[in-house]
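Going by the order they are written in, the chains are A, B and C; count residues from 1 in each one.
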Amino acid sequence: MKDKVTIVLFSGELDKALAAFNIAITAATMDMEVTMFFTFWGLNVIRKSEGSTKGKGWMRWMLKVMNRGGSQHLKLSNFNMGGLGPWMIKKLMKDINMPQLEEMIKITHDLGVKMLACSTTQGLMGLDKDSFIPEADPPCGAATYLDKANNAQINLFI
Amino acid sequence: MKDKVTIVLFSGELDKALAAFNIAITAATMDMEVTMFFTFWGLNVIRKSEGSTKGKGWMRWMLKVMNRGGSQHLKLSNFNMGGLGPWMIKKLMKDINMPQLEEMIKITHDLGVKMLACSTTQGLMGLDKDSFIPEADPPCGAATYLDKANNAQINLFI
Amino acid sequence: MKDKVTIVLFSGELDKALAAFNIAITAATMDMEVTMFFTFWGLNVIRKSEGSTKGKGWMRWMLKVMNRGGSQHLKLSNFNMGGLGPWMIKKLMKDINMPQLEEMIKITHDLGVKMLACSTTQGLMGLDKDSFIPEADPPCGAATYLDKANNAQINLFI
């Protein structure tokens, strides 16, 4: 039986997403079974960049405008500097031949890692299944997460 | 013997508190034994809104004024916008019939989840037992937390 | 065989570092085997304050200027107020006879806790082995972390 890892990605920040996917990819290459759960701002990481927020009213419209999805639009938790920080980090990653987040997401998917959106925050933010990238798996609730985590050796909340 | 979960809530932000209580409630309804530890800014989540910071000096006075307790005063980790963000999230939660944080805290308590304040940061912030909501359990130190976590399957730091 | 704890310190903020080292010290005094992994901004916590960022180009120069290392230069995740917040916390810690972070790092090291820098983010930020305090152990990759975590009962991401 495979060793198991679960990762909740709550944060929608580039640096935390890089940490999460780096751990996920490394664990999967070590033949561990990895499940990632994306909740709250973390949903942005697996949203299509053109994926729009559904639902009526000005609040969801504001969410749509401000809380832009897509892995290439993420901010840094520190030194974001209006987008200069993320640009710099991406450049430095390229300099040391590290794959970018978009490639890491594809690699993660190809390694068989499950990428599950949290159904509760998905509903809260007016997202539906068309909002997510094709690599994302069908959304699920906290009970599914807890079942997985209860059988895993490593459980992280990022 | 019950499966066990521990959650450290370090953050005093509304979105992270919602995640923590959602996991706690779901785990408790799945018949898991859940223990929550509130430390640093997380103490604000289980503080009375009128609960004042104790101790002398201008620093504790500043803490009292700025670091306002009470689950209804929490900010968002993103898009706080001077309180507009939390108001919007609360409204969206109401729209999808999700209970508010105050109700979630009561439900969590009723499900038998322990809610323990960290005694070290409680002292640091000049709080005493009168500072907390009635649902909170007596505070404890890091050793109590580690004992619990060492016997739990799922340990999260939020 | 000893109970095991791993702590990833991703954050470079004073309050989160205090939480991480408080847990590490308490666990080590309870005779648990503790391993700490410092990644991304967390690398700043075990950097020499005079340790400079290596590498050419204006981006690493900016990182060097802005992302200053050393445990005495850390910010707070809340109420940083241009350095007033960290100063206040340090003063309040002194008032209740709590050791400062620098002392906690020394105590942690003396208790035999391993302090490992993440080699990937070390490279990304242009740091080398001379960048770190003498208490730090040689850097390692995510696979070493996952091996440790897979055999630990408590795994935290802070």
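The working rule: a contact is a pair of C-beta atoms (placed from the backbone, for glycine too) under 8 Å apart; a residue touches a chain by one contact, two chains touch by 3 or more.
What you see is a predicted model, and the numbers here were worked out from it, not measured in a lab.
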For this session: Could you run down the chains that neighbour subunit A and subunit B together?
Result: C
Seminar exercise, completed: If CA atoms of subunit A are superposed on subunit C, the rotation in degrees (nearest 5) amounts to 120
Exercise. At the subunit B/subunit C interface, shared numbers over all numbers used: above half (same) or below half (different)?
Worked result: different
Problem set entry | Separation of mean Cα positions, subunit C and subunit B [Å, integer] | 25
Exercise. Considering subunit A alone, which of its residues make contact with at least two other chains?
Worked result: 155, 157
Problem set entry | subunit C partner contacts - residues on subunit A that touch it in the complex | 3, 5, 15-16, 18-19, 22-23, 26-27, 30, 32, 77-79, 88-89, 91-93, 96, 98, 153-158
Exercise. Any idea which subunit A residues touch subunit B in the complex?
Worked result: 8, 10, 12, 39-41, 59-60, 62-63, 66-67, 120, 123-126, 141-143, 145-147, 149-150, 155, 157
